[in-house]
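For reference, the structures are reproduced in the following blocks.
What follows is a pair of complexes built around chain A, which joins chain B in one and chain C in the other.
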Partner chain A sequence: MINKYKWYEYILIYAGIALFVAFMLAPFLEAFLVSMRPLSEIFTIPYAFLTDNMSFDAYFDMWRNVPRLHIYIMNSFFIATAVTIIALICVIPAAWGFARFEFKGRDAILGAFLAINMVGGTVLIITLYKLMQKLGFLNTYWAMIIPGAAFSIPTGIWLMRSYLMKIPKSLEEAAWVDGASRLYILRRIILPIAMPGIIVVAIATFIGAYAQQFLFALTFNSQDSLNPLPVGIYQFFGRQEIIWNELMAASLVGILPVLIIYIFLQRYIVAGLTAGAVKE
Partner chain B sequence: MGQLKLENLKKSFGTVEVIKGVSLDVKHGEFIVFVGPSGCGKSTLLRMIAGLEDITEGDVIIDDVRVNALPPVKRGIAMVFQSYALYPHMSVYENIAFPLRVEKLPQAEVDEKVHKAADILKLNERLQYRPGELSGGQRQRVAIGRAIVREPSIFLFDEPLSNLDAALRASMRIELSKLHHDLDATMIYVTHDQIEAMTMADRIVVLDGGVISQVGSPLELYHSPDNLFVAGFIGNPKMNFMDVTCTGVGKNSIDVELVTGEKLTIPVTARAGIEGQKLTLGIRPEHTTTDGCDITISLNANVVERLGAHTVVYADAPGVELGDDPEAANRFSSIQGGMANIRANQRFDIGIKASDCHLFDEQGAAFKRNIDLSSLDLPEMQASA
Partner chain C sequence: MNALDGKANYFPYLLLLPALALTLFIVAWPLAETFRLSFTNSSLNPVEEYVGFKNYIKIFGGKFPAVIVRTFYWMFISVTLKMLVGVAGAMLLNCAVPGRNLFRVLIMPPWIVPIAIGVFIWSWMYNGQFGMISGIGQWLGILAGPFEFLAFRNSSFYATIVTDVWVGTPLVTIYLLAAMQSVPGDLHEAAWTDGASRFYRFRRITLPLIMPAVATMGLLSAIWTFNSFDIIWILTEGGPRGSTTTMIIDTYKTAIARNKYGEGAARAVMIVIFLSSFAAFYFYMLTRFAKRAMNNGGETS
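Take a look at the complex of A and B:
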């Protein structure tokens, strides 16, 4: 291996990485510290990194204070999973179509998808409310799942399409010559080869859906038992005070599913983002 | 049966016409090779036969059935791609079995056919490997295996050996010829490689810019090219072309005068009214030794390549056509004996024998040479018997 960098360049590079990582992780660290502190110690001035009486009490008390907390976490997980599955079912065939088939208006449609992505859900929220109302989806899971899926599909198609375009066309042609139908080719050839790409899209969609559900839940849902965590967490906002430590504890527990999934599938993400070159 | 008939086949991509009317009759069991320069439409033609490319005009007829609108699998063809097109996530076994799986054959039958193909291609030891763990030659064999399990009547190959090194190409060439013999199937084979074309083909189809320039057995094309294009395309190094003037027409010959003033009487079928015209004389590099020659010309050797068995000499010569390749400008190539006493930048003699010469008119069409092709050992249809 050729050592490309001098020692001081290595120091600079690592310092840069450290700074970046610190920036990214600082909020998590602070959230964790806050969750450990008793309420009285949270707003100490001057700021103290470690304070008296740190404990994991908040992680136990929160379940009692907000009895439905586990339901909110389950809801979040359920909604994000449903969004991911629906999005994938739409994204994979669509992306394949965009990647492989020539048809009129293909580029225009792709462009439109990108444009919708830029507008985003927030701008359309009132129209969406009307739509959900008309369809009778208000105060059901659908009101959170369908818009969530709809807004993740365009990004998914773009990601997936660029991945599928790297799969040599001759693989499909060979299968076609051998008598395989389009669906057979999709199932037996494209899906397995594109699996790293599909996992990347799935994770991106899942994380996106996890973050996105707050807006849709807040607007379209008033039934407490259906609320996802980001909305449910509001119950830590009491009349007089906000129970910060439990709020932070609940948040950290809430992102745990995403973290676990990420750790398990990480090796696919790295492979999917870098490799992708399917040779022969 | 594997009869194939192309009738005035045409193909346009948008407004660009790529195949401009190709007609061809292929008998069962023939080994047909398509050659031609890059971009002349070889792959497109093959893909039209396969059913991967729509046909703009004309017909493809396989075993007396017009197949224009049939999907590939209904045409009784199998295709081997240049890039092998193996499925990276499947074992060699599953790759070969793929067409059978599509047909939903019972496992016992699949097993039998895959093992039979693996036997022929010597892949038995490798059946559980992934394509990524194989060498180039083995991958190519897997691709061929996938084609033969379907027992098609026509095999289509698109430059199947071009990704292999020279030694492997040579051995695969022999294996393919053997396979052709054993399978009793028609093969259509696209290649860039002249040696592949000359050694394997029953008949070679030379394509030039979307039309067939000539069809014939390898030796027919070599000894009796119909036009300048085929003459220049078949043979390596290329045939030399020199400007000559027609000075007279005999009963079965044409008299020409070289730029240098030498005169030759070429034994070709003549036609009247060409006296005084500029013609093109073609002489292959391997026919330029001074043994038994009719005229000798002294040239200045520019480059001398010693290959052991023979020596290739490149020289300037008066009246030699420039061609479209500027690198080859004024290059006259000559193949001399391996021990020939020729050095770069020295003069040496070449000899030309009138009976070795080819003669082309102003349009590039050849005058028919007075040679008896039947005396040449032409394998034409024997292989199919």
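Take a look at the complex of A and C:
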């Protein structure tokens, strides 16, 4: 049949895939191996994958040497959750507006939103810093949440709008004819029907917000108890004696929650990432 | 939805209000303010004066032109590698072999986990004495002895690129894979019945149909790579001796580390100008693809 490969083609395909997967996963494997070694064995020459006395000790000791680790992880979750909620509050009505209503300047405003996507937070860091200072947001959660939410709105609107445009509008029109108010339609018809799309947007926003917690926290926050995981761990890097095994253990524990979320919800995540590749 | 439009034409604007307010406040106003600051001598000093184009003249008389060239060079190599690895990866994962769903799951972690954490691991891997890469290099005989990748100008430049490719490739791959899977199967079957080889089918059916996705992703990837901050900052902070200082890193150092807001803003404005030209090209491409899709829809079944 069309998709039947010859034996040597199988070998080539699997060899290529193995190489590719190895490149993507090698750092995680290395981090795991380092986390298993006692500190004395990490600094061995020549390099060895497996060394003597491997154990999970670092996973217990790290809570003592990185005393706020659990707080960093909770901060990361809290910030990413708050970003997601604020972004959804902005994205859902806006996407409905773009998908269903005709109004002056619609395409121009939508284009402006997309153009924002091109400008990263670093470019605006100077004025954002001054703005956060003026608002008194420096060294608070707000300085990490508000900019994060603002920068995730454009992608959210784009995803949500394309989802809403696929829903036939006859239901909304029928409800309108029956005298339902617009807010009632949004709450009772759009929200339930668009729930799968909303979940995709929410997960994409959450994953993005969890992945990008470095710049704003590094720049706007100097209070350690508010730090998200990346900046919390980053502080340990400038030191003379880096406890590599425990930092690797802490890093792996810190990324475990998102990896678990990813494994269970990967269909939604991939749908969010690839919207636009298929059409438009 | 004309029935819903009714009399109250302000309603759609009401729907946009939260998103617009936050965006104007956090993105549009700071953008305008950055332009204004670039013409001032703003610093920690509370007194701020307009200095005309002095900041621009100063940065273009210094190292900044070299930084611009380096940024484009860094971006060009990184994006090219991401696209090459991404296309190859998507082709492999598109093959109908057992286990392919598992492989698709396995390639995503670099994109899913916090970027900074992935880069922490890389900074260990580049360690010359004890890191994995130097170790394997010596074992294979490529390296004569321990090699500290982040300590030299050339090697740190390429090391930061490799890490950037590692972070960016999963998205490129999964995006192009989705595009390949949307190629109608009957096209392939018809060509196969006519005796077309696999390579021929890829070149004449798959490749032309995924070209819009390749172009879109390439440009988006270029924009993101241009904005890349975390990777370089964590690995090298722009060093050694400026070899990994891109425009973004230069701006951050000037403004945040040295508190020269005016000069930093002038650098930021230059970045915005470059990004705008990318963006303009991106929108031009999107509209062209949309038109072509409409034309094709008209003539084929």
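Just so it is clear, the second predicted complex is superposed on the first by the 226 of 280 C-alpha atoms of A that agree within 3 Å, B and C clash if a C-alpha of one lies under 4 Å from a C-alpha of the other, contacts with A are read in each partner's own complex, and residues count from 1 in each chain.
Methods note: a residue touches a chain if its C-beta (ideal position, glycine included) is under 8 Å from a C-beta of that chain, and two chains touch if they have at least 3 such contacts.
As the structure is a prediction and not an experimental result, all values here were calculated from the model.
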Practice task
Return first, second, both or neither, reflecting whether A:Asn245 touches chain B, chain C, both chains, or no partner chain.
Solution key: neither
Handout entry: First (chain B), second (chain C), both or neither touched by A:Arg100
Key = second
Practice task
Would you check which partner chain A:Pro168 touches, where first means chain B only, second means chain C only, and both and neither mean what they say?
Solution key: first
Exercise for the section: For A:Trp176, decide between first (touching chain B), second (touching chain C), both and neither. Expected result: both
Completion exercise
chain A contact check, chain B vs chain C, more residues touched by chain C
Exercise for the section: Check the residue A:Pro192 against both partner chains and state whether it touches chain B (first), chain C (second), both, or neither. Expected result: first
Exercise for the section: Tell me which partner A:Ile255 touches in the superposition: chain B (first), chain C (second), both or neither. Expected result: second
Handout entry: Residues of chain A contacting chain B in one complex and chain C in the other
Key = 173, 176-177, 278-280
Problem - Contact footprint of chain C on chain A as seen in their complex - result: 2-3, 5, 10, 13-14, 16-17, 20-21, 23-28, 30-31, 34, 42-48, 76, 86, 89-91, 93-94, 96-98, 100-103, 106, 109, 111, 113-116, 118-120, 122-131, 146-147, 149-151, 153-154, 157, 169, 172-173, 176-177, 182, 185, 207, 210-215, 219, 229-231, 233-234, 237, 244, 247-248, 251, 254-255, 258-259, 262-263, 266, 269-270, 273-274, 276-280
Handout entry: Touching residues on chain C, where the partner in the complex is chain A
Key = 1-5, 9, 11-20, 22-23, 25-31, 33-34, 37, 85, 88-89, 92-93, 95-97, 103-118, 120-125, 129-132, 134-136, 138-139, 146, 166, 169-171, 174-179, 182, 188-189, 192, 213, 216-217, 223-224, 227, 229-230, 233-234, 248, 251-252, 255-256, 261, 264-265, 268, 271-272, 275-276, 278-279, 282-283, 286, 290
Problem - Interfacial residue positions of chain A with respect to chain B in the complex - result: 168, 170-171, 173-180, 184, 189, 192-193, 278-280
Fill in the blank from the handout: Within the complex, chain A is touched by chain B residues 50-52, 71-73, 77-79, 81-89, 98-99, 102-103, 131-132, 139, 146, 150
